[in-house]
Structures are given as C-alpha cells and as structure tokens.
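In the two complexes that follow, chain A is the common piece, with chain B as its partner first and chain C second.
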Partner chain A sequence: MRYAMAVDTKKCVGCSDCVVACQTENNVPIGYCRDWIVEVTDGTYPQLEIEIRSERCNHCENAPCVRCCPTGASHYSDGGTVLVKKYHCIGCGACIASCPYDARFPHPDGYVDKCTFCLDNRVKKGMDPACVSVCPTKCMYFGDLDDPRSPVSQILKKRKYKTLIPEAGTKPHLYFLI
Partner chain B sequence: MKTTRRQFIKVSSLYAGGVAMAGTGLKAASGLLNNLGGSTGGLSRTPTYCEICFWQCAGWVYKDDNGRIQKIIGNDDDPHCNGRLCPRGTGGVGMYHDEDRLKTPLIRRTVDGKQVFEEATWEEALDFIAEKMKTIAKEYGPECVVLFSHGSGGAHLGHMLKAFGSQSISAPSFAQCRGPREVAFLTTFGDIVYSPERTDIRDSRCLVFIGYHLGENMHNGQVQEMSDAIDKGATIITVDPRFSVAASKSKYWLPIKPATDLALLLSWIHVLIENGWYDKEYVEKYTFGFEQLREHVRQYTPEWAYGITTIDPNVIRRTAKEMYDASPAVIVHPGRHTTWYGDDTQRLRAVAILNAILGSWGRRGGFYFPERVQFPEYPTPPYPVPKRLPAEAYAGKYNLANEVVSNGICDATIPSVDSDCNFKVWLVNGTNLMLALPDQRKTLEAIQALELLVVIDTMPVEITGYADVVLPECTFLERYDMIRVSRHREPTLALRMPATEPKYHSKPGDWIARELGIRLGLEAYFPWKDMEEHLDWQLKQVGSSLEEMKRIGVKKFPRQYDDLYLHEGEDFFFNTNTGKIELYSTDMEEEGFPPLPVYTEHEQPPEGFYRLNYGRAPMHTFGRTANNPNLTDLMDENTLWVNPKVANLWGLENDQYIKLRNQDGIVSTFSIKVRITERIRWDSVYMVHGFGHDNKKLSRAHGRGINDTELITNVKTDPVMGGTGMRSNFVTFVFENKTVGKEAEA
Partner chain C sequence: MREEIITSGRMNPMIDPQLHIWHWHIPLYLFLGGLAAGILFFAALYTILGKEKENPTAVKIAPFITPILLVVGLFALFLDLNHQAYFWRLYTTIRLESPMSWGAWTLMVVTPISFIWCALNIKEIFPRWEWKFKFLYDLDAFFRKHLITMSWILLIFSLILGMYTGILFSAFNARPLWNTSILGPLFLTSGLSTGAAAIILMSKSHEERLRFARIDIMLIGIEMFLIVHMFMGFLASTQVHIEAAGLFLGGPYTTPFWLFVFTLGLAFPAILEVLELRKFKVPYMIAPMLVLMGGLLFRFIIAYAGQASRWLY
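Up next is the complex of A and B:
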C-alpha cells in the first residue's frame, strides 16, 4: 500500500480552503499551516500563465527527514505515510533543514509538525484527508498507488503530471497534474 | 474627516454602568442541543447555513466533548455547496471565536463635553431606541425610519419595521453590486438572475466572463461547476485587464482596455448576426426587435471595436464563433458586482442580448429555470400601509430599479431645500456602510443629519463609531434564523440552529427585533412563543418539521412547476411588455433610455494616474471577514498590483509600502504593500476590497492595507436604476513613511 495525492493545477483556484480545513480538522494553531498555496506566474503581459499548487509534505519514499532524525520520531507509517511521533521528537530541527519542500514547522508545543495525510483521524476510517474532502474545485485526488482503482491511480493514468524537485531523489508521493 | 455633532467613537466604553444582563433567551433551546444531531468521532453536530457570504451554504457545526466549536463542514444534500464549503465557510468558526466581537449594548453619551459610549443593559438600550423611534415617528411619520441590512438579521428587523409602518428597507447588494444585471435581465427576459445564479455552468460548453473573476470571487456552487466544466473540456473566454485566476483557466484571455467592455459586446453581437451565427428558430419564436438590433449593430464591426478595446478583430471573430459553436450551451456570464461606469445596465443589456440570440436562456448549459418551495409566513396582522414609499425619496429617478436604491436613501437623508422626504433614523444591520457606500463624504453628511443611528452588528466595524446605540448581535453559529428558502435546480429548505449559546451579551436578530417591536407596541406582530415554534409551524405547512430539519439540515422538494429548460418548440410567455425576450427594450424606451445598448466613451486616467480596479479574494467577504482570526491567517492585508513597467517608472519595489492619492486629492489613510506583477495592465492598479479598517478595536484588521472605498469619490450613477459606478477613479502613488499595523497605532 502506497498512499499518494494528486493535485490538478488546471482546476485549483488557490482559494486556500485546504489550508483552513486542515487547521480546523487537525487543530493546527493559527499562524501555522501544514499545507499552503503556491502561485507561479510565467511570461510577460499579455502572454501569461499561472500554475497554482496546493502543497504539503510529499510523503517521500526516500525521505531525508526520516533518515536524518536522531530519535526515530520521524518515521514511515501505513502506506508509506511519513509521520512524526511528537513525544519522541526533541525539536532539533534537523528534519526541517533536510526537507527540500519546506514542509515542516516547529509546533509551539515543542515538536515538529507537518501533514499526516489525515492518516489516523480520517483515512483509516475510510474518509479522504480533510483538504481533499473540502476542496470546492475537487482538484485533489487521494488513494493507494498499488490499487489501480483508487482515484489517484486512475487520474495519474489519464493525465500528464510532475513532481516537485525530482533531482532531490526523494521519490515524492505528491503529484501535480499539468 | 471632521465630524461635528456625531464624533467618531472607537468602540470602547469609558463608562461601565451597572451591567447585569440575563442571557436567558436561548438557554431553553441550547438544553436540547446535546441530544440532537448525528455524532461522528466523539463530535456532535448541528445544522446551519453559512453567513460569511450570501451564498448561504448549508453545513454542519461540529463540537467536541467540551462543547467547543471545532469545525464546520458542508451538508452533502445542499445544492449550494454539495458538501464542500469554501474557505470562508470553513473558517466561519473564526467569526464565533473572534475576541474583538461587540460584547454588550452601548449608548452614546456626552460626559464632560466629550462623547463616549456607555455600556448599557439590553433593557436600557432597547427602551432608549423605542422611545426615540416613537418620538421621531410622531413628528415625521414612521416612514422616516430606514433599515439598511445585508444578511439574515434583515428578515427579523424588516418585519418589525414594516409592522411599525415603514417600507424603507435597503441593501447595498442592489445599487452597489448586482443591480444593473438584475434590471438588464428583467427588461430583456422578464426575470432576474437571482442568487445563487441560475447559470447552468456544469453543463456549459462555453463560458464567457466579462471582468468576472470566478475563483477569486468564491461563490461556491459556481466555482464548483466551473471546475466541472473544465473537466468536461468547456471553452472559457475571459475579458479582463487583469490576468485573473479565471483568465488563467481560459482558452482565450482578452486583456481589454478598461472601461471599453460594451464596445466588445456590441461587436460580438455584430459578428454573430452578420455571419448568421445565432439561433434563428429561437430568435424567431421568442424574441422581439431582432431587425432593429441587426440594424443597430451594423456599425459595430470588430475593426471599430479594435480601436477602442485593443482586442484583435480576428480574436473577436474567433471567440464569437466559439460561442456559436457551443450554443445553446453557452453562458455569457452576467457577473455579480456590475456597478462600474454608470452605463452598466446598458452593458448588461448587451450581455443579455448575446445570450438571447445564442438561445442560451432556458437551455441546458445556459440559464435554467430555478424553483423554490412555496413557504408560508407565520400568520401576523397585515402591515400598515405607509404614507410614503422609499422610492419617493428619489422620485422621477431610477424608475427601472426593482429594489430600493441605498444611495438614493442616503442622498435623501441629507437635508435640502427642495426635498421634504428626509429620513431621520437609520437602523444598520450587518453592513458596514462606511466601506459599502462610495463617496464617504456623502455618507458622513447623511449620518450627521440623522436623529438616531442604531447599528446592529457582530463586530466593531467603522459604522458603529457613528452610532447613537450599538447592539451586539450574535453570530450565525449561536442562533436560529428564518428557514433558507432557495431557488435552485431542486427546491430546498435549510435550517440554521444555534450550535452554542450567544457569547458575551450578544443576542440573536430575531430576539432584538421582537424586543424592540414589543416596546413599540407591536406585540400582535410577534405571536409566536419563540423561534422554535415559529419555524416548526412554517415547516409543518410544507410537510416537514423542526425536529426533522434538526436531523437533516437540508430538505429537498420535488419541482412543482415548469421544467428546468424550455421544451423543443414550447410556447413560452416572458414577463415583459411584449411577452417576448426584448432585444429591443420597450421598458427602456418608455423611460427615455436607449432601447438598444449604445457605446459611450468613459474617462481614461490622466498622465501619472492609474485606474483603481478592485475585486475579491477567495478567503474574504468584503470587510466583514477582515478581522476573522482564521481568515486573516490566510490573508491579512491587501496588496497593490502594479505592472513592472509602471513600477520601473516610479521606482517602486516589491513589498514597499506606499499611499495612494486619487483624482480628487483624497489620500489613503493607510499604506499598502506593492506587488509588482505582470498580471495587471499598465494603465490600472488593482487591490482586494475590504481592507484598511481604521477602527483600532479591530485588532487584526486595523491599519492593514488600503480601503478602496475612501478613494472612490468619482461616482458615476446609472440613471436607469441608480447603481453607483465605482471604476472611474484614478490614483497615483504617494511616497512617505509607511503607516501600517503597529506603527499606525502610534
């Protein structure tokens, strides 16, 4: 089982609903976020393009954050989801420095926090992650890459996609449909 | 701005009287809450519909074991949201948690020659208002009391006011927003567009947006359907001087010269007719005045439009062909905020005509026929007939306005020698008129002339600073309101019930209206025991009940009347003078306006000035969310979009704070952060509306960004319906020390 997410940049309008839904679902304190919006503008007026991406932890198969964690707090969980055991985390910040996607932040309670794919609170109960379930444009697809019928497998079969910073060799599980 | 009689008071109470208030109103109701609704994962839920914008999506409020509101999730059965709220709805919890909320009634007093707000009990505040209203009405008639309202409180207060004898009820959502499109569609099709819009976007094959930035304007159902349409491969054509998010999703972006849209629209009509690219059968059967239209638009060639709009004639032809190829599944979208240049009804008439000749009205993928439940009112005595209707305040003007013109009321409030139609009391509920009405000098002048200004709101927005009495209304999460009876493909009802008790000393709108009504001797108009009994009676008349609605939140009903679309060859009577779709408008003609839209040139910015364009961000609703802790976390100030060429000319840098000065010499109170971007034309600048609050009690919003409304002093009023055209204002850059956030406090 390999959990993954695909975000359709052709449909995302960058409204940030994913951000606030994650905050209220996961009690992320105001001022912090586990997911965020990136907007890239390319070209010169009036020949322009924008790519809008809802970004979060890439839940890499080859995760530098897991490798560098001195206490084992950062670990692979079900479906390859990268999680942090907050009571094992000493807040050293090595993982934050190692992440090419800047996906982690120091939680005010003293541990490092990040996207969990809503694994325990939603996915294990058969629901989609909060961001996926709330998105007004339905631009996010989640599921198991090993299950050809999962929404994420289906959409990756149909559409062109890319991953971010592939040269880092992290094998990310966050795909962007282009 | 100097104010004399009514000094602006930053809501802070120097005088705390003996405040002892019983918050009993909802105790009985909230006792029921624990036993109601479903439960998922330790969370209990109650139904609501959202009040953060006016799309009113239905959802569920989830509370944890401690009774703390944790999240709001869309109701799957609701056609407004299909189970998915927008960021504002999801962040609606912040409206409840906001610690800057109005907490207790306040009365303006003069102490030692200084005006202050004194904390009062509800009894004191309501007695004070009722006494004043009675005295003033005795002298001037009850019609001199006005209600400005935007939101659910309006239904309760409006009922109270009508019972009192005044029909003077107005919302800025007409003459400052969607009025021109409603009047244009009414004169053309005999029906309005409504909210939620009757646009069949999900099945459309071609969407045309004229300055309509769907996606940044987060009207939920439409954004969802635009996404569906993108999935199905619909062609999107966006006309906008700014590369909006919608433009970035479009096959064609037409970067038009601002204020020339009508030339493009007329030229599209020309191309469609000259090439025979229109629905001949539909035009023949349903429309009136096609020959006059054909003759009228002969002059408006794409080459003519090119010189005005800067849009390539071939692009005009190609996009017209795209519309025709998709027809009738094509929507030339009427937009929503349409008060731009003062000839807006004419521009929207051109939009309506385009849709008419493409045959999209009443067709799948075009505009459907919405339907609502026939929902009875709780029986009350008939309202007294007022001696004076609000439209008499602007008699002889704006005759085609189908709603009350807010600025007409505001103007008539200012005393003048030739008008005896002055209004003396304003009740203002859920609308911050200081940000909503353009030309603040006029608004202030009107306020100074009032004998009583009562503001009923959840937040210390700017208008509260001018009030005689401030009443703290509770948020939508703490109250019942009227059942949401919405027009849609399927008729639905939705319930809002309190998820928790009102915080502080705030009270629900229905309670405020009723208590005021009783003090005005209008008990007979409030015969229900409480809102539960009121709503239950209404619901039982349509075969539901409050108990059922508490369980399901949204109830769908089968359609009773006409179908969603016209049948093949169906005879259809349109509610116009001719019974047809009026390409040639007899209403316009009768009122002395051009019966076919005529292009008029609008002012362009003088050298060194740039057109001030404004719009919306998906996480905010005007100024009303600017202090919401969850939503300011996503966006806490607006930025000024500037083209790199302009920035280069002025030596502007990204993230630099500057002030703006408009053509009338008005300088913005605060500074705004510069955002240099290729996404804006060189002749205009852009900012999101609703920022630059100057009330320090809004701790997160104060001094953050610029308030566009204060720079909108050149107002072009639409003679057809009174809409205030706000996009003929030009600004230039003022370099001085930054005045923002904390520094502004000093």
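Up next is the complex of A and C:
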C-alpha cells in the first residue's frame, strides 16, 4: 500500500478551504497550518501564466526527515505515510531543517507536527483526508498507488503531472496535475 | 519573470521566523564540542607519543576545561530542544543514519573520558589532593595502567566528535549550503585549531606555545584551503548551490564571513603566529583569542546562513 495525493493545479482556485478544513479536523493550534496555498505567476504582463497549488508534506518515500531523526520519532507508517510519534520526539528540529519542502513546524506543545494524510482519524475509517473531502472544486485525489482503481491511480493515468523538486531525491507522494 | 507567493500563510523562515529552527544553541554546542575535541585530541596524541614532558599544558592542564565545555555544550543542546521532558529518548535509540543521534552518543563516550582524564591529573591543579577511599585509588591505578588504551580511544573519538560538528549540518540535503561533505573535515580542522589556540592561551612554557603556534598555522592553512575549496565546489555545482554560495559572495553574509572569520579569525592570527616564530615581539594572547573568536563566529554564520539557503521551486 502506498498512499498518495494528486492536486489539480488547473482546477485549484486557491480558496484555502483545505487549509481551514485541516486546521479544524486536526486541531491545529491557531496560527499554524499543515497545508498551505502557493500561487506562482510566470511571465510578463500580458502573457502571464498562473499556477495554484495546495501543498503539504509529501510523505516522501526517501524521507530526509526520517533519516535525520535521532530518536525514530519520525517514521514510516501504514501506506508509506510519514508520521511523528509525539512522545518519542525531543523537539530537536533536525527534521525541520532537513525537509526541503518546509512542511514541518514545532507544535507549541514541544513536539514536531505536520500533515498526517489524516491517517488515523479518517483514512483508516474509510474516509478521504479532510482537505480532499472539503475541496469545493474537487481538485484533490487521494488513494493507494498500488490499487489501480483508486482515484489517485486513475487520475495519474489520465493526466500529466509533476512532483516538487524531484531532484532532491525524496520521491514525493504528492503529485501536481499540470 | 517568476513570482511565487504563499497566499494562505505557512511556517516559512522568510515569512515566519519559527522555521528558522536553530538559534544560538546549536552553533554554540558545535563550537564547544569542536574546541573540546581539539584539546582532547592533542592530550591523547602527546600521551601516545610519550611527549607529556614537553607538552605539560596540552596533556595535563588544558583538558581540565573540557568537561566544562562538554557539559555546557550538552546543556545548550538541551535548551534548544522543544520537547525537553523527552530528552532521554535520545539515549534509548542509536540511529546511525542520524548524525544528531550518533553525535549525542559520541559525546557520551568523550565526556566520561574527559572527566577521568581530569581526575588522573588532579594533582597538577591541587597538589595536595587525596582520594578519600580505597576504591578510588584502585580506579586511579586501573586507568593509569590502561592510559595508552584510553588515549587511543580518546584520540579516535575526539576526531569523530570534531567531524560530527560538521556532519550534523552536511547531512541535510534540504539546506544546500550545508549539504557538502567538506563541512566535516572543515569543522574538524577548525576544532583542532581552536583547541591549539586554547592550549597556547593556557600554556606557560614558551617552547610549547611556539610548538602549538606552528601547529595552528598549519591547521589554519588547511582550513583556508578547505573554505576556498568549498566555495569553488559550490560555484561549479547546481543553481541551488550557486545561490547558497551567493550568500557569502555579495549576499548578506559577505562582510561578516570574509572580514571577521576569514581575515580576522584566520589570516591575521596566522600572520601574527608566523611573526612570533620569526622572533618578532607580539603579545602571544592576540592570535589565539582571534582564532577562538573566529571559530565561534564561523559556526554561527554557517548555522544561520544554512537555514537561509534552500531549494528553489
């Protein structure tokens, strides 16, 4: 099982609903976020191209954060998701410094926090992650890459996609449809 | 033109300082670790070579500050942690992939040896010291008997410790400035050089001072070469590395680095030490003080600049 997510940059309007849904679902402390919206503008007026992305932890297959963690708090969990064990984390920040996507933040309670793909609270109960389920343009697809019938496998078969900084060697599991 | 903005707010060091995760603790910890590694390296080396008599400060006196340096360093590391109540988790796992982990364990080897080393030489500082209990005398005799073995262990682990201070940074591919394997040897050389400087400062023997001045000149030479080599490597590499080097070549760290670290912390003290060897009258304190200051500043600059360097996407 390999969980992955695909975000359609052509459909995303940058409304930030996914950000708020995540904050609500996961009780993210005020002022922090586990996902965020990036707007990229390319070109010179009037020839402008715009790309909007909803970004979060890439649940990398070769995750530098797991490699650098001295205690094993950052670990690979079911379906290749990268999670943090709260009570193993010493808050040293090595994983934050090692993530090329800056996807992690120090939770005010001391440990390090980030996107979990809503693994325990939703996915294991058969639901989609909060951000996916709430998106008004339905631009996100989630599922198991090893299952050819999962929404994410289906859409990746049909559409062109990219990952962010693949040259960092992290093998990200967050795809952007282009 | 390409413009990238984060519209929903995110923990980003450029926008939000929280992600600038390492502050003064880590560079201080690395400086103290490197300095202690340097001092202990020379103590072990001259013990193995049987040259304790010629180098009384290096072997017997200077190591007295190392337990303090190491404990203060570890305390700085502890202060840096956000989840301090779980500090002990660091010592219930060994993860060889994580420099933070094996580095912490290296300290657990070096720190006790540094204490033992001081205990063996305590009569140098307190000539009338007596171990009150018999078992302490036995322990003393035991370690004295195995002094050479212990010195070898110390020699190897002080080198690992010195290297580690650089590898801690170089393991992060997310920060291009740190992601160069030269940082290990570079920080090791810098640690040995600051160690030599500390010995010069403490030494009362003119000959020993000159010997360490000679060693220091050599180390500074290697360090300057490695620094230039590092920037050449960056400039010949990918865009992310070129931009990382740019922080020091015209970017915000140009003056602090080239003026305070490279010139005042390396080149100038090396010149002073050469003059001293040529029998010019220079106050011998100035060069080692500058080396120590340069070493400390060097780690701060690398720690801060590294966190400002990133992949572009």
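In the analysis below, the second predicted complex is superposed on the first by the 178 of 178 C-alpha atoms of A that agree within 3 Å, B and C clash if a C-alpha of one lies under 4 Å from a C-alpha of the other, contacts with A are read in each partner's own complex, and residues count from 1 in each chain.
Throughout what follows, a contact is a pair of C-beta atoms (placed from the backbone, for glycine too) under 8 Å apart; a residue touches a chain by one contact, two chains touch by 3 or more.
Remember, predicted model here, so these are calculated numbers, not experimental data.
Looking at the superposed arrangement, the partner reaching more residues of chain A, out of chain B and chain C, is C. By the touch criterion stated above, A:Gly72 is placed in contact with chain C alone, chain B being left untouched. Of the two partner chains placed around the shared chain by superposition, chain B is the only one that A:Cys135 touches, whereas chain C remains out of contact. In the superposed pair of complexes, A:Asn121 makes contact with chain B only, with no contact to chain C. Within the superposed three-chain model, A:Ile96 lies in touch with chain C and out of touch with chain B [touch as defined at top]. When the two complexes are overlaid on their common chain A, residue A:Thr41 makes contact with chain B and with chain C alike. Once chain A of one complex is fitted onto chain A of the other, the partner contacts of A:Tyr87 are limited to chain C, with no touch recorded for chain B.
Contacts of chain A with chain B, set against its contacts with chain C after fitting on chain A, overlap at residues 14, 16, 19, 33, 41, 43-44.
Residues of chain C that touch chain A in their complex: 1-13, 18-19, 21-22, 77, 80-87, 89-90, 92-93, 95, 97-101, 104, 171-175, 238, 306-307, 310-311, 313. Residues 41, 70-74, 81, 83-87, 90-91, 93, 215-216, 218, 220, 223-224, 226-228, 230-231, 243, 245, 248-249, 253, 255, 618-619, 629-631, 633-635, 643, 677-682 of chain B touch chain A in their complex.
Chain A contributes residues 14, 16, 19, 32-33, 36-44, 55, 64, 67-73, 87-94, 96-102, 104-106, 109-112, 164-165, 167-169 to its touches with chain C in the complex.
Taken together, the chain A residues at the contact with chain B in this complex read 10-11, 13-17, 19-21, 23-25, 27, 30-31, 33, 41, 43-46, 48-50, 52, 121, 125, 133-139.
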